[in-house]
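Have a look at the structure below before the remarks.
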Amino acid sequence: MKKFGTTIAGFGGQGVLFVGQVLAHAGMLEGNYVSWIPSYGVEMRGGTAHCFVTIAEKEVSSPLVEHPEGLLIFNKPSLEKFEPKAIKDGFLLLNSSLVDQEPRRSDLKIYKVPANEMAAELGDSRVFNLIMLGAFVKATGVVQVENVKKALEEIIPEKRKKLLPLNLSAVDKGVEAI
Amino acid sequence: MKKFGTTIAGFGGQGVLFVGQVLAHAGMLEGNYVSWIPSYGVEMRGGTAHCFVTIAEKEVSSPLVEHPEGLLIFNKPSLEKFEPKAIKDGFLLLNSSLVDQEPRRSDLKIYKVPANEMAAELGDSRVFNLIMLGAFVKATGVVQVENVKKALEEIIPEKRKKLLPLNLSAVDKGVEAI
Amino acid sequence: MSRVLMKGNDAIGAGAIAANCRYYYGYPITPQNEIGEYMSSEMPKAGGVFIQAESEVAAINMVYGTSATGARVMTSSSGPGISLKMEGISYIAAAELPCVIVNIMRGGPGLGNIAPSQSDYFQATKGGGHGDYRLIVLAPSSVQEIYDFTRQAFYLADKYRIPAIILGDGFLGQMMEVVELADSAKDDEYARIPEKPWAITGCKGREKNIVNTLLIEPDTLEKHNWKLKDKYQQIAENEKRADLYRVDDAEILVAAFGISARISKEAVDMARDEGIKVGLIRPITLWPFPDHVFKNLDSVKGILTVEMNTGQMIEDVRLSVEGKIPVEFYGRTGGNLPDSTAIFEEIKRMGGM
Amino acid sequence: MSRVLMKGNDAIGAGAIAANCRYYYGYPITPQNEIGEYMSSEMPKAGGVFIQAESEVAAINMVYGTSATGARVMTSSSGPGISLKMEGISYIAAAELPCVIVNIMRGGPGLGNIAPSQSDYFQATKGGGHGDYRLIVLAPSSVQEIYDFTRQAFYLADKYRIPAIILGDGFLGQMMEVVELADSAKDDEYARIPEKPWAITGCKGREKNIVNTLLIEPDTLEKHNWKLKDKYQQIAENEKRADLYRVDDAEILVAAFGISARISKEAVDMARDEGIKVGLIRPITLWPFPDHVFKNLDSVKGILTVEMNTGQMIEDVRLSVEGKIPVEFYGRTGGNLPDSTAIFEEIKRMGGM
Amino acid sequence: MAFKGKVTIDREKCKGCGLCVEFCPRGTLELDKKINTQGYNPAVVTDQDNCNACGFCFLVCPDMVVEVEKIKEGSK
Amino acid sequence: MAFKGKVTIDREKCKGCGLCVEFCPRGTLELDKKINTQGYNPAVVTDQDNCNACGFCFLVCPDMVVEVEKIKEGSK
Amino acid sequence: MSTVLKKTRSLEDTKLHYCPGCSHGIVHRLVCEVIDEMEMREQTVGIAPVGCSVFLDAYFDFDIIQAAHGRAPAVATGVKRALPENLVFTYQGDGDLASIGMSEMVHAAARGERITIIFINNTNYGMTGGQMAPTTLEQQVTTTTPAGRDTRLAGFPIQVPELLSSLPGAVYLSRVSAHNPKNINKAKKSIRKAFQAQMDGLGFSLVEILSTCPTNWRMNPVQSIQWLEENMMEIYPLGELKSVEGVS
Amino acid sequence: MSTVLKKTRSLEDTKLHYCPGCSHGIVHRLVCEVIDEMEMREQTVGIAPVGCSVFLDAYFDFDIIQAAHGRAPAVATGVKRALPENLVFTYQGDGDLASIGMSEMVHAAARGERITIIFINNTNYGMTGGQMAPTTLEQQVTTTTPAGRDTRLAGFPIQVPELLSSLPGAVYLSRVSAHNPKNINKAKKSIRKAFQAQMDGLGFSLVEILSTCPTNWRMNPVQSIQWLEENMMEIYPLGELKSVEGVS
């Protein structure tokens, strides 16, 4: 893998930016160049949010991911917005709990994960985003699952450390779903 | 006369700027290029004031008069400051009522007018400055005396027009003193 | 036409009123206080509005408001006050609102002093505020030009919907010279205010109008930026102005603007008297810079730029000649004026004499 | 050394604290809000002071006050806020006070938008404020450089008693990358604060100190102006920096700074892959501009300047090559980034391919 | 004299803030379980007949997506 | 217990504003007819013995050119 | 017969960009209703601030000027002097008005400028992500007072109408709230009074409206309402702080 | 034994540039006397404004920073935060403080910044030639109100301590006058209190001093004193408008 660009998109409040950060952190742990950039500013307000993560062997030129290798889609509007941008034969992982629509492109490698329901099974609906991440990493192989977990350990602040086990099992649950 | 630069200097409040304006106005009436520029700003505060007037056949380059053809000196500090700057053989007119000191230069054409005393004779000590101007114009011939008077008529605002006769006789008195 | 002896600062006021400017907002600062003082007494007589604003920031934003209504409006200041207006000027340029801004330059940086200077050239011509924008910058060199250029500035500002700057200096503001006033100004081309269908007047009988500089979508803002750039290009094509003096056979050129150009002219005459083939280029529009007059100067061996700063316009001169002619610099700063004799000496040196 | 994933804006804060900056005054504005937020939580921990000033004008004047006491101090903002600081910056430059000012550029002019831009190049390099002054302008192109240059900026500011600007853009501020932190920063050369005998601390045991920018006598101010000019000359001699990439045999050069340079680098690689001899010059100090790297480029047939504005640094490139090499321009504005493919196409066109 | 109300809520524009639900004195409104295309759980009228046309829902709605038709009922 | 005063005025630095003259309760000061080198008519002490060392001239002098020496006289 | 409560004429029929439960929308409606009731739509000029309400031009169907951050009162002055017969108002947040725009506000009031300021106090900088505002309460956590506002370092909340009350040019100064039906109705009356004072040529008027910012308060809209009532009202008491003779 | 009333230590022995009869000189002396009596000369930092008193550094023998017009309170804030043990004061005219510097003043007070403002109210812009100031009286003629200040167009005089009084951060606000011996003595006491409040860490303090500007008032110094008494005192009543517990 020379360079892998991921677009992660969903509603504000779904943890899109956080998931991207975990992914980028995992990339860093593997000694790669990484960049992460959010959609920032007014558009965050209430509406949708997305971020771009690039993991590469060389320094990343633009942090913008115009033609993502991988799409991690949390809701319907994001599917509409970003599906056309993926590279040919790219990866598309959908949260099928919120996206009832079928992707239009036939070239993409498509994965569907009913993340909200799965999170409910874990007893905390908020971790659906890490389930998505686990599945995405498994499907694409962009980073090692182990490093995603390590990233979580490093990122989650001390005072919220007790949530770590739950987060780790969410990642595992995602991995298993693929 | 191709170009005649005059420096007029005295204490703030002595009407130095006004006298310069009358002189410049007279120059304009004779169809010449004229420029007038005051010392401006903080230095005015209480201390001394001076202005430069240039009357010339061509457009004046710098309004600054670095080497005046004529000096019109209202007080002692101004004599000290400006005497050295006059051109060789230039004109120097002194208010001898306030300047008890002798000029140092021997090349200058020097005129002394006890303007304050003469003004007192006219019954208004404030017009000593126009006495000085009358004498200066007579001595140098830089403009016609008639045009100085015409300038005064044009400059003095309507509501102070009743002072005009006094001003005109001050000019005459100065002319006579030469 | 009537000929009067007038201070530069007063001539700005007179020129503005002659151009049917009826709104003036300013904050005192030496050496341009007479502008506000003139306006405080003359605007009411002309049925206009004078406000001594609480600050330069407030003044420029009042200008923004009035200009948005379609009326002609002016503000004036010097160095520190002009710096404070930078955000506002950027907004006015972005919103394509016409107005006239006067900078009677004084010594800087910082509080500096109140003596004349030309050290705000970059600020005026390259854009002291943020973002890509340009202002029309006119540099008068006499009180007559102050009066005339002020009137023209309103005309150009309206024509292109752009702020125009009168870039003078403390001496031009403070000195008196003879001015021919345009008595019939009310009807001339400079006094005529064009239709402004975009103006904010209350939406009676029409769709609402909006004055706005927030273009949140990059594509929209980019389009606006290129549109502005096109407009600037058009102004550059139409409005460059320079005054040429004895340049025809010149081997040496002096480039100077404003009061420096007057003094340089004297030096040129001194040198010509000694047989040196020297001429003067006096840019009148500092933006758009009259680069065309610096082209095809085959006989010219050197250019001396004379400025009251440590070297600013010289960059535009160098950009204009594109390395074809060596460009040298003679500058005075801090309120000191260039000295015609010193310029003459420089010319002699460059002429190899 | 520790490697962390960090936002550009946070890296500025971290760099400042590592350089022993203990005073930060700022006013929120996107896309640099994280700087103030970082400082509000980290400064107290470091025993420093964070004030959310009431405005950018107040912030820069607080900087003036603290810098006068000899302490290291920083402010940050973007476009409109930087414009508001212009008067204060001119004062700080005039008083020769060291400080660091960060501009995370956004789209302009006016309110523009919050997307990344490079359109405040002129403002930063030519002096957006009044009077003759210069600022050291550093243009990072990665989060690592943001961190490093911030530390260096404090060092340079103190060394020359001059304000230094970090000129970034919204993307550099918002993006996360891996940064190697200088853990031992406290003792390194950037962290060491030199003696400042001129500092205002109360005159205990010494003559009074004065910080003042009013030099009322033209001769005094002129002397000060030339003294500043000399200092700027000295900085130009010592501190010019540029990054050269594949220029050795290049026939075409791309000139770009900051984030544009990263993207240009990709285009250069694309072109090299096709056998085009192209290289990249990335000015790191925008002032002093590294004109020296544009000299003696005998094999170079053309330079393409790539900027996120409508053409600003290109003037400095043109001034550097003095007409010897044609200089072309490719720009994107309004928050849009240059596209590496488009740059590649331009390179191909210039290479006659 | 009492009124009856007919309340219409623009489901797609509603942001599910819940203020109308909170202030409805008659418990006529609630937030839907299903999200709209914006991702919000919009307010829905559960018991139209119960509405007294007080207009509180209209007054407090920050998004102006509520309309209340006030229908004179005649005194009961 | 009364005081006598010795008042010194720096003639050359005095600006002749007249405030000391105005506020002197004993009429001890007046403005000179002759101007100083600055062009002002400076204040002069006309009747030193009459001064009671009240210090008003010192207090009101904006140019700090007045010094007052306060000399204890013993009770008369 | 039936009446319908619905969008008034001056409001554009478009989706608002505000967060769920944000008070801005409510105040937008009140302003437009008053303007329409006064039949002033075609003579009105609104000045938009920089802040979450920067997009006023998209929501109001009358002439709008978007001003630089904090400068709306100066822009309004420039407009009013040129259009003395028009209704000119600014709509400003607490950051825009009371922080960066302090000077323009105080001086517009001191001049007795015949303009009206609609002032949204939501105790923080909504648009830029929830930083401290001059109106942030003591101990309130914001993104730039992460440990709560420490008045010793970050100062005390500013009460705007109280601040302006000594200025003779300010003829009508009130504080209302947009957090429940009763207060919303009162707020509307107050806005009407302020506009009327302007059109009667009496002087400067300002209405402060206590508002919620659920997003940056990190509460849901209903909790926000409660927080406003329990915390803001004590520091920002409602009422007409100043209403000179002639205001009606 | 004899005592001598003469220049205090902190005053430089140099000629002042002020016009004859100008109050600035008197206030300079008072400030320095208080500093010397408090034995604070070596810990004092004065901030000079832009205005006739811009040259403070020439007259005061302690550390001085000359600030941009109106920004002295912000500069003082930057100094005080870095040097919390020092006595930090600004010396500002009515144009500097109440016009262009309004925002910095109000916010320094709102923050309870531990600084002191010595405020010279002479109802006009002395340095620039007598333009209207925010404190210019109704109908007063200045170079920018040639027909007298018309409050309808140019606004009303601003009473600074009154304006600031609602701010909890402001702990001592007074108005004194420098026009006769009795008031000069009172002024000195007030300056001392203000400095003491600062050093006691109580908060922000300000002393307004009614002053004359004979030159721009176009009166002689003695007439100026009368004019101040007859015209200014009514609009600017003397006294301690605010003095919180602990101020002594």
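Descriptive notes on the structure:
Order as written gives the chain letters A, B, C, D, E, F, G and H; numbering starts at 1 within each chain.
Throughout what follows, contacts are C-beta pairs under 8 Å (C-beta built on N, C-alpha and C of every residue); 3 or more make two chains touch, one makes a residue touch a chain.
None of the values given here were measured: they were computed from a predicted structure.
Fewest steps needed to get from chain F to chain G, stepping only to touching chains, is 2.
When C-beta pairs in contact are tallied for every pair of chains, the largest tally goes to C-D.
When chain centres are defined as mean Cα coordinates, F lies farthest from chain D. Distance between chain D and chain G, defined via averaged C-alpha coordinates, is recorded as 38 Å. Taking each chain's centre as the average of its CA atoms, chain A and chain G sit 40 Å apart.
One inter-chain figure worth recording: chain A and chain F are separated by 87 Å, centre to centre, where each centre is the mean of the chain's CA atoms. The geometric centre of chain B is 61 Å away from that of chain G, both derived from CA atoms.
In chain H, the residues that reach two or more other chains under the touch definition are 18-20, 50, 54, 66, 68, 99-100, 102-103, 107, 111, 127, 134, 154. Counting partner chains per residue, chain B shows two or more touched chains at residues 41-42, 46-47. Contact with two or more other chains is made by residues 15 of chain F.
Chain G meets chain D in the complex at residues 50, 54, 66, 68-70, 95, 99-100, 102, 125, 127-129, 131-132, 134, 143-147, 153-154. Partner chain G is touched in their complex by these residues of chain H: 99-100, 102-103, 106-107, 110-113, 134, 151-152, 154-156, 158-159, 162-163, 165-169. For chain E in complex with chain G, the residues that touch the partner chain are 6, 13, 15-19, 22-23, 40, 54-56, 58-64, 66-72.
Those residues of chain D that touch chain A in the shared complex are 3, 5, 30-31, 113-115, 142, 170-171, 174-178, 259, 262-263, 265-266, 337, 340. On the chain C side of its complex with chain H, the touching residues are 27-30, 33, 36-37, 40-41, 44, 49-52, 54-56, 80, 110-111.
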